[in-house]
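Consider the two complexes below, in which chain A is the common component and chain B and chain C are the respective partners.
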Partner chain A sequence: MTMSTAATTASETAVCWSCGTATADTTTFCAACGLVQPPGQSDHFARLAQPRSFDIDAAGLDRRYFELQRQLHPDRFARKTAREKAISQQQAAALNEAYETLKNPLRRARYLAQQRGVDLPGEGRTIDDPELLMEAMERREALAESTTVSAVQALESTAQEERAGLLQGLSAQFAANDKSGVRAAILRLAYLDKFTEEARARRFNLGASGQ
Partner chain B sequence: MTLLEIHEPGETPLPHAGEEALAIGIDLGTTNSVVAVARDGTPEALRDDHGAALVPSVVYYGADGQVAVGAAAQGHLADAPDRVASSIKRLMGRGAGDVATLGDVRAAVVEPGSGETDMVRLRVGDRARTPVEISADILRALRMRAEVALGKTIERAVVTVPAYFDDAARTATRDAARLAGLEVLRLVNEPTAAALAYGLDKAVEGIYAVYDLGGGTFDFSLLRLEKGVFQVLATGGDAALGGDDLDHAIAERALAERAARGQPGASNAGEAKIALLAARRAKEALTDTAQAEISLSLGGTASTHVLDREAFESLAAALVDRSIGICARVLADAVVDPADVNGVVLVGGSTRVPLVRRRVAELFDKPSLDDIDPDEVVALGAALQAEALTVGSDTLLLDVTPLSLGIETMGGIVEKVIPRNTPTPVSLAQEFTTYQDGQGAMALHVVQGERELAADCRSLARFELQGIPPMAAGAARIRVTFTVDADGLLAVAAQEKTTGVVQRIEVKPTYGISEEDMARMLYDSLEHAQDDMEGRLLVEARVEAEQLLLALDAALAVDADLLSASERADLDADATRLRSAIAGTDRDVIGAAAQALEERSKAFAERRMDRGIRSALSGLSLDQLESKVG
Partner chain C sequence: MAYSEKLIDHYENPRNIGSLDKNAEDVGTGLVGAPACGDVMKLQIKVSADGLIEDAKFKTFGCGSAIASSSLVTEWVKGKTLDEAGTIKNTDIAKHLALPPVKIHCSVLAEDAIKAAIADYRAKTEKKTVEAEESAQAAE
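Showing the complex of A and B:
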């Protein structure tokens, strides 16, 4: 699915803090005087010039992020005024927040779901799906009982397969604006990510201690 | 206090065009420090006359006020160990409880006085010194080396810090540079600096790991290198794990052997330092030989201890395991498999230990990159970044926060505001509310660390939000914004959302240095470097003169009627002369003016006595008189 709404917010009018020339909310450098402008209220998709969609081109996202950081990172302003340095820090921080949100599928899904008005429980809240809860407990038990790298790997690859399926499903659910489907998938994805992280840590620990 | 200042866009003037001076790169290490400079993209370590780039991070404070840094200071370990400070980096931004012990012996820690923060103070030589002041002396020596080598005044530097350094340790490092007269262009994480040196020099691309085991700190970072971008994916470490710990283990073993033979152990901090130095020599020898000897002479009894490599490795195993465990966690954080890593960069003198190299090779199953001297690579990277920041460059360093930042909430639980491995700069806000009607203030405790309980994390600062408008409990919405800049330093701002009132933030740094202390130290460093003795005599002359003036004022308040108008005018004129002499810096002028006033007031003093008020005080000077009266 590739359809998405245009990713630029209606550009609010603003003026350059230095020369007073009218600028758009998404302007990074004033067209008249060339000085860096504050980050404005752009959403994360617009900031990184990505279509407002769950499907994202990871390499393209990286490219755009690096390109913008090359222009806006405070290290580029080491010889500029304190005001410009401060603004570049705000810009770089806004870019980092946008990048971190869009790069990670779970965070991206949550962000997009919020934009679409899906009601989500806060991060780290208890799972309100008893079936998922039971499954999570069983899986965690299996992980605790695994004493070899290969046993952990087996659990990980099952989780990975399920995760890949979930991401595909989410793509379709977002496209169809299936809010309850999106909600259920996000809860499941959050749990799978957490489990995968634990499994990975356990595998490395087993590997590092030579078992 | 710079730890938690609200970042206000200031109005610092631009440096004058064309006056772009050279900036240096400094690796301020636990055991050794290195200063380097880069010109036209080529970094170079600055060496002494003997070709040595390494400056031992050791400072000697002589009885005559003389300060020696490096090998010269190390030489005094034998004759005046209590005047020598070493491994001071481990105490940056730390409290007294963090000072290591050897056996029962512990460096001389001075308890903080009232109004002082918990930052550790050590008694070295004649007075208590903070790690910041001692580090500043090392930085001053490095700056001097650079100025001699480059024939220029150097005022700006990129200084490296362990990636795992917390906010207090970073702030302490920046303060030390300030004391040494260096503006810090950027604090760069050591593994990132090392990657920079490799990446630019060797034009490598892909995912690289940097394993940095120094004298006192361990860092492990995973970076993605791509077309001039150095993107740190995750980092981890231990700010108290390094070669020093291996030295400790060896020294403890030798001391245990002595104890078993009924020989005395180390009885003071000086002997402990000597034992640690002997242990270090043995450790270094074991890199190339299968067996090393440790000779100790403590309490008048000499002993020799044999350490073979196998015994050494069993002592070191636990420490190396700890570092490997950290690698595993960082790989998990970054979602990177060891197989995805293109190469491992070895940094820090402790990576010469064969056991370390073996364990790292096992984990990654990859050849290690070590063709740049592991002792110099960090300074070279810092120099490259210093050039990039002054001359300009296409290189981009994207680093992350090493530790989670949080706020202590009800019950001592930590609420994480910025998780570890978040790219910097980062700015995140959290909303808090009041729990009582009309509550006007709120105390916040900022901590850094991964544990659930605030008591288990590192305390950064406590501050109070004041001026919250009176509202019903839970109605105020206070938005607290935490910003971590590219140096990894935290700033906090707060605003009440419903009224827009911006709160004044009062910060009490837990291990920091207050602005007043900083000002005093800056002043001290200028003063006593010049002429400590002269300074003290001046202060004494001023104090005496001021006492005299106070005594005169007290006498005039009671017995002014004993003086004629012209006598009074003369006395006032002399007092005024003394006051202006005190404002000056010539103690001879102060002394002469005080003498004149004393002479002039003699008749007055006699008349006062004649009046019989203090008949028993005949023959006393004015200030003695004052001490009786007062």
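Showing the complex of A and C:
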């Protein structure tokens, strides 16, 4: 009996490749024979036993990730069959991908937005948002013109404040399923994160050159 | 990844970096960006009275391929008519610079930028014409 597609993704059934016992799609190890199972189709949230929400329990996410990572450690498979080794590596790769996606707010927002059917621009074609582009351009120009570490830090702290506000907004927009709001905030966050990355590099260069 | 000599040359010695007065009537500005990579690109053209692009400037914050693509476009459009400049295709840019497949989107952005600059210039001159007609009518 299916209630809703979102709720059933996590509990789709599979069959253990070794002993044939029915298992959930999210099962890492068969409950009957204990052998490692292929990653299956479960989404990143289900893989890490997190609710499909932008608000994430960071400590809980870490806990679940490190627990699974420990269980999938190559040392534990050193004396297992080639097939189990291969499957455990697929599991580990899927686990890392899920963790890195959910850990990072921009990646998590993009992933969740895609699940919700928000239309996000890919690479290539420009976005039609002159105001955002103008802000991004001005911010990068200001960074390029900064010649001291403290000037860069001032720009960084403004960006950090804006980022905190955006993340709060995203939480509310996802909760309200405000698709256009989510889309706009993700584009803005993408530029802010890129700026932050560039600012860090610039600050490092300025610091290293002794200015 | 090996980049072509032409690409490296445009990246290391970019042509026509800078800005034109975006409020000037003979200047068209295209501001484009792809948030997926956090790139932002500004391309400006200055159009002479006889409709030729007499100057072009760009400012790009992005990867080397994005910088090289916009640099190349400013070089190509100089001396061209707006219609000619509007026919520049991203595939020409990508081919000239031998962009690797993962960087094709940078040339797409540069094509968007020149198109946006042309559209901005045309919108400005149209507005000027409309305003002139309106004031002519008002004077009657």
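In the analysis below, the second predicted complex is superposed on the first by the 196 of 211 C-alpha atoms of A that agree within 3 Å, B and C clash if a C-alpha of one lies under 4 Å from a C-alpha of the other, contacts with A are read in each partner's own complex, and residues count from 1 in each chain.
The working rule: a contact is a pair of C-beta atoms (placed from the backbone, for glycine too) under 8 Å apart; a residue touches a chain by one contact, two chains touch by 3 or more.
Every value quoted in this text rests on a predicted model; they were computed, and no experiment measured them.
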Clash or fit (per the criteria above) of chain B with chain C on chain A: clash
Which of chain B and chain C A:140 touches, first, second, both or neither: second
Which of chain B and chain C A:70 touches, first, second, both or neither: first
First (chain B), second (chain C), both or neither touched by A:59: neither
Of chain B and chain C, the chain that contacts the larger number of chain A residues: B
Clash-bearing segment of chain B relative to chain C, given 129-137, 345-353, 363-371 or 453-461: 453-461
Common interface positions of chain A, toward chain B and toward chain C: 197
Chain A to chain C touching residues, read off their complex: 121-127, 130, 132-134, 136-137, 140-141, 144, 186-187, 190-191, 193-195, 197-198
Complex contact set, residues of chain A against chain B: 66, 69-70, 73-75, 78-83, 85-87, 89-90, 92-94, 96-97, 99-100, 197, 200-201, 204-205, 207-210
Touch list for chain C against partner chain A, complex: 31-38, 40, 42, 59, 61, 104-105, 108-109, 112-113, 116
Chain A contact footprint on chain B (complex, rising order): 7, 9-12, 14-15, 20, 185-186, 226-227, 229, 231, 321, 324-325, 327-329, 331-332, 335, 338, 362-363, 388-390, 392, 394, 396-398, 422-428, 483, 485-486
